[in-house]
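Shared chain: subunit A. Partners: subunit B in the first complex, subunit C in the second.
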Partner chain A sequence: MSSHDKYQSHGDSHSSAKAPDEGAYIFLFFLIGFALSMVVGWGVFPTLLYSKKHQPFDFNHKQHLQIVDNGCQSCHFFRTDGSFSGSPRLAQCVGCHNEMQGQSESEKAFFEQYVVQGREVPWLVYSRQPDCVFFSHAAHIHGAKLDCVTCHGHMAASENLKSYEQNRITGYSRDLWGRNISGLKHNSWDRMKMDDCAECHARYQVVHDSSVQTGRDACFVCHK
Partner chain B sequence: MKQTQIHNEQPPRRYGMAIDVDKCTGCGSCMVACFSENNVPFKQDETDKLLSITWMRVYQLTNGKTFPHTEVAYLPRPCQHCAGQHEGHSPCVSVCPATATDYSADTGIVSQIYTRCFGCRYCMGACPYHARYFNWWDPVWPDGMEKYLSPNVSPRMRGVVEKCSFCFHRYQMARDKAYTEGGRKVQEAEYQTACAQACPAGAIVFGDLNDPSHAVNQIVKPDAHNHYKSGNPRAFRLLERLGTNTKVYYLSSREWVRRSGDNYRADEQPGMPGAAAQHG
Partner chain C sequence: MKLSRRCFLSFSIGGAVGTALSPLPWKLTDDLSIWSQNWPWTPVPPDGESTYVDSTCMLCPGHCGIRVRKIDQRAVKIEGQENTVLNPGGGVCLLGLSGLQLLYSPTRVKGPLRKIKDDKGLPKWESISWSLAIEEVAKQLMDLRAQGRSHTVASLVGQEDGTVPQLLKRLIKAYGSPHFYHMPSVEDTQGAVLSLSQGIDGFVGLDVENADYILSFGSALLDGFGSPLRMMRAINRLKEQKGTLVQIEPRLSNTAAKADLWLAAKPGTEADLALGMAHVLINQRRFNEDFIYNHTEGFELFAVMVRNSYTPEAVAVTTGIDAATITQTALAFAAAKRPLAIFGHGKGQAPGSMREAAAVNALNALVGNINRPGGLHAMPAYDYIDWPAPFLDGIAYAGFNAKRVDGSGTPSVHRFFEAVDAAPEKLQLLMIAEANPSYSLTGCGKIKQAIKKIPFVVSFSSFMDETAMQADLILPNHLYLERWEDIPMRAGAVRQTVGLCRPVVAPQQNTQHLGDTVIQIAKALKGTVAQSFPWDNYYACLKQTMGNQWQDMNAKGAWEKEPAVVSPEPGFKTESGKLVMMNEPLKKILGAIVPAPEGDEKKFPLQLVAYDSIRLSSGYIGNPPFMNKVLPDTVLKGNEGFVELNPETAGKLGLAEGQSAILTTPHGQVKVRVHLNHGIMPGLLAMARGLGHTAYDGYLSGKGVNTNELIGPVEDPASGLDAAWGIQAILAKA
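The block that comes next holds the complex of A and B.
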């Protein structure tokens, strides 16, 4: 008997003996593979896709809203030309922060690195849209009379600034496409993609059929 | 005709231009103003004009006669924002496979969304006015010049087509102001293109062709029932017989200038009314 034969017969007996289990193994491997791909697709990939950044220092909306005179407008206001000031500049802070107000670490960082040196704070803007998008706060606040919560969530009640997550491929903020990878949206502020803007515009019976191509808003309503 | 429902104002806006060729001195201020207003890229070597990007371009016309009968005229050419035979049937919009270019029934402006464009250049082939340009390279700005770019106009990248937008961002900003002041209408002076403002001869007049209080309407006297043909005997449009129904009107008292707007037969009158009816 050659070694080759021996090997073959051994192999035969092996396969015939285990045959009933093979299907189960295949199924098991399929399950493991499926579970792994789910873990990778729903867990690992989104974590890898976004890099986390921190704001230059923390800021407490709730606390400040108790002491400013004019609510949100003390820091986020409309200029006379109708444009929106957006993230605050030092000028909105130094009225009070020309000297230290408390002992917190974040105020110290703010005071020493920015106020004393007269540098503007490089805020990371969670809601920042791609460069080609035109957004108008005037249209939504003065025109549609929407409140900030509809699009930004409960910022006023927040005591901390959350970390900023940036998509490694596009460079855009995670708040545009949202956190929920199944694509479900529970709150109006969960994400702000093109379709989310369009969906709300369609709900209001204004500005929504000027495009000859799409029958919705013309591209040049929201783009520049 | 499609009409948008914004504030139920009737009729919709129709932004357009009247350019007086007899006033134009060919100085090129409009081109320069357009470059800087719209972040138009340029190269160190601009000798090959086929590769230059000029949203606004001044052409020189001559009557072809010998001295002393030679006459010259200058013709600034922005995008003509064609409406076509039925509103929105612009040559470029109808061929774009990507929906990157669109016609707004609310302003009459033909838009170009650069991020959507994938550079097939059908629109460039379709445009009878050479108003569209392709970015063969990523823009390179001289050191420090990025800081002077306008944040209101999105810069382009390699591989996309761009063209004049009638300074649409200025309309967006004017709308912002109008919203802040109770949602009133945008006034004529609030929305003007950079070229119109830069022209030292006042040859370019810009405004809403549908609004009788706007100068451009008074000059052009467009006939809304006949493809916005001008009622001004001095006025003509470029290649009017194609039926592109453009929103840029040219004015001249010289017949040879008016004739140069199209390839007329010797016995034809420039800007024959209704000549476009055979198309589309």
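The block that comes next holds the complex of A and C.
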């Protein structure tokens, strides 16, 4: 018997005796690989993908809403030319905060670092879309009669500002993809990617035909 | 248990399946695709509230009304305002549009600077505070005054109208010096002729909107003459209404190309051509007899002169235009209902020849279209600045009445710098505002040399221009988008209007309004000088000066004087009440032939002329980067400037398109490239004005050639101002 034959026969006897165990063993490795990648994909990856940033100071929407007369639009208003003002400017805030209102840490930080120094508050805007997107608040609020909640959720009821999570690759807010890393959503305001715009536009048949070629809206209607 | 290859494969497959079922690959793909479109070098302007601020452009004498669009506190766009006097159709020119690049230029002077010497003895700039800067000027001025040398102080401004230049003029007078100058322009010559012929101290208004025949003696009507947009619109209207435009110019400029008739007269012979046309009108009795016999004096003398010396045949020899064309053009001019002859070469930045101005004026008089619709209007000087005379103490009185270094007569900037160059001790201190003589005056090499000899030079420039580079102290003025100022409009306006320049944005640098700087210097000088400046600051001075008009002016952005009641009488202010066609002074002027340009014709067989383009700013304001971008590569390619010449001339010189050549004039030598152009007279070379800066920044410096370094001034025998139209030159293969 040659050495080759020996090896062969030894191999054969071994495999025939241990075959069921090895199958399970290999499957175990499959499971380990599967489980690890699932842990990485669902757990580690999102944690690594986003960096947490804090707002300059905390803000209580609920409390402010009880004081103002005109709801959200008291601070987030439309200008006379129809453009939307977005986050309030310091000049609006100092209408009331020209002196300290209360003794909270946030108020102190706001007053000393911004009001006194005349600096604008560098708010981190959760819903800021990429620069290549045109978005008209007027078309959606005045035209389509949407309310703020549809896209921004129950911001008005919040008592604190959540941390702002910034995508390390794109630099945009996590709220655009949505908090759920799977991209699934339960509410209309959970995420705000292009598909979400399209979904709502399709649902309400808000499809225009600015492009002669496609019979639909041209890219530049929403994109720069 | 033993790890086998299969285990590893199984692990990998499990990992792959798990990864595919996790969001990782899908999310990563999405993010990477977004990342690949994130171009951090693309500027993303911050969002904000959009507003408009109306103001007046100060980048050229046109002074168009502008509307500046702002996002929050940032100016983002300059647009034209409609229905303003000098720009009734709205719109804005390229320079006006580029104003934001001047405002936000990273190379602006950021605050007061003092020139000091570093360890190696080389000059360098040191930032100082405003109080120290004012103190420094005041100390220099006080020292000179104490030595009884107040008359050795001078000031040069871009133009004299308006409260800011007048404050500086007042400072010079109250301090005790006769030396106050402004940069020369065609308005000086036009004004002198107006004064002689009509007895009116003021400026020329051109009713181009109502003219039906425009005879332009080299005016760049479509390239920035007077008020550029108004002129363009007027020419468009003229063409729409089948009017006629005749352009007299040796080069096929944009205006010549759009003209109905282009007369390429030899440069420097335009006055002869005008007088030749006058000859035709008189000889064929095609002049306006009613106007000539009832409203002019000296016509007979004028007629004798043109009859004897300016027959079309004689003029044809001088100008190179054949006699028949001269005759036909003159007759067509006379046959028009509202003919208008315009004097002023290019954009009108040079004073030009008095003889030519007087001859063109005579043409307008012969057709009687003076102070009438579509004609030439005599506009009285602005008189709204009604300050009491400054207090003069003994020193001021003596100093103010001292002899000017440039001699008596019309103050001449060229003569002034020549005198300073010859006898530097006569000038100890020079203050320069809104002017860049070391670049924009002909023969600027010699001007630079003279300025170098002045012991103390103060510049108020907001830019590191050629003159500011030579200064010992820079007290930067706000830019026009950052300041208040009244702007009395000229540039051919037919209605007196004072525009308001108002701050669009807060000062971007540590600059100060020139008006405030002057008031502060005056107050620091104490005594009668300080007493002559009762205002707390410039804004108070402006408001008080405008008086009752302030409110209206602030609301409308300009104050317009009520138009004069239309009268059948032309309203001449001469002794006889008539327009003077000819008297002794005018006879002298019409006989005062401008000397030939510098240079021996044998040594320099060609002639170099400079031309103006609306794509080039050639005055105090340097060309902003936007404008450089639209220059054709037959004017500037890379850093190389071009000279235009006729292919026939190029053939004789053995030069081909794009070839490098050496251009030499009595004033200097430069390397240029050649551009062949059938639209230029053989024997002539042409270069664009506005290039060849040696100062400013990398966007402007070292690009092309400054024609003022090659062309020297030629003194007009009548006015003493610069009447150079070119220079003898030689071009040879490099």
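Here, the second predicted complex is superposed on the first by the 194 of 224 C-alpha atoms of A that agree within 3 Å, B and C clash if a C-alpha of one lies under 4 Å from a C-alpha of the other, contacts with A are read in each partner's own complex, and residues count from 1 in each chain.
Here is the rule we go by: a contact is a pair of C-beta atoms (placed from the backbone, for glycine too) under 8 Å apart; a residue touches a chain by one contact, two chains touch by 3 or more.
Predicted model, so just to flag it, every value in this text is computed and none were measured.
**Student:** Touching A:103, do we find subunit B (first), subunit C (second), both, or neither?
**Tutor:** Neither: A:103 stays clear of subunit B and subunit C.
**Student:** Taking the superposition on A as described, I'd like to know which of subunit B and subunit C A:213 touches: first, second, both or neither.
**Tutor:** In the superposition, A:213 touches subunit B alone.
**Student:** Just to be sure I read the superposition right, which of the two partners does A:224 touch: subunit B = first, subunit C = second, or both, or neither?
**Tutor:** Touch status of A:224: first partner only.
**Student:** For A:81, select first, second, both or neither according to whether it touches subunit B, subunit C, the two together, or no partner.
**Tutor:** Touch partners of A:81: subunit B and subunit C.
**Student:** Once the shared chain is lined up, is A:40 touching subunit B (first), subunit C (second), both, or neither of them?
**Tutor:** second
**Student:** Please work out whether A:138 is in contact with subunit B alone, subunit C alone, both, or neither, and reply first, second, both or neither.
**Tutor:** first
**Student:** If we overlay the two complexes on their shared chain A, which of subunit B and subunit C does A:70 touch? Say first, second, both or neither.
**Tutor:** neither
**Student:** First (subunit B), second (subunit C), both or neither: which does A:130 touch?
**Tutor:** both
**Student:** Would you mind listing the overlap between the subunit B footprint and the subunit C footprint on subunit A?
**Tutor:** Subunit A residues touching both partners: 81, 83, 130-132.
**Student:** Would you pull the subunit A residues touching subunit C in the complex into a rising list?
**Tutor:** Going through subunit A, the ones touching subunit C are 22, 25-27, 29-38, 40-42, 45-46, 49, 79, 81, 83, 85-86, 130-132, 167, 169-172, 177, 181-183.
**Student:** Using the touch definition up top, name the residues of subunit A that touch subunit B in the complex.
**Tutor:** Interface residues on subunit A, with respect to subunit B: 78, 80-83, 130-132, 134, 136, 138-139, 142-143, 205-214, 218-221, 223-224.
**Student:** Tell me, which parts of subunit C touch subunit A in their complex?
**Tutor:** These residues of subunit C touch subunit A: 1, 4, 6-8, 10-19, 21-24, 26-28, 30-32, 34-35, 37-38, 42, 44, 47, 49-50.
**Student:** Spell out the residues on subunit B that touch subunit A in their complex, using ranges where they run on.
**Tutor:** Checking each residue of subunit B against subunit A gives 2, 4-7, 12, 87-88, 93, 96, 99, 102-107, 109, 111, 113-116, 152-155, 165, 168-169, 172-173, 175-183.
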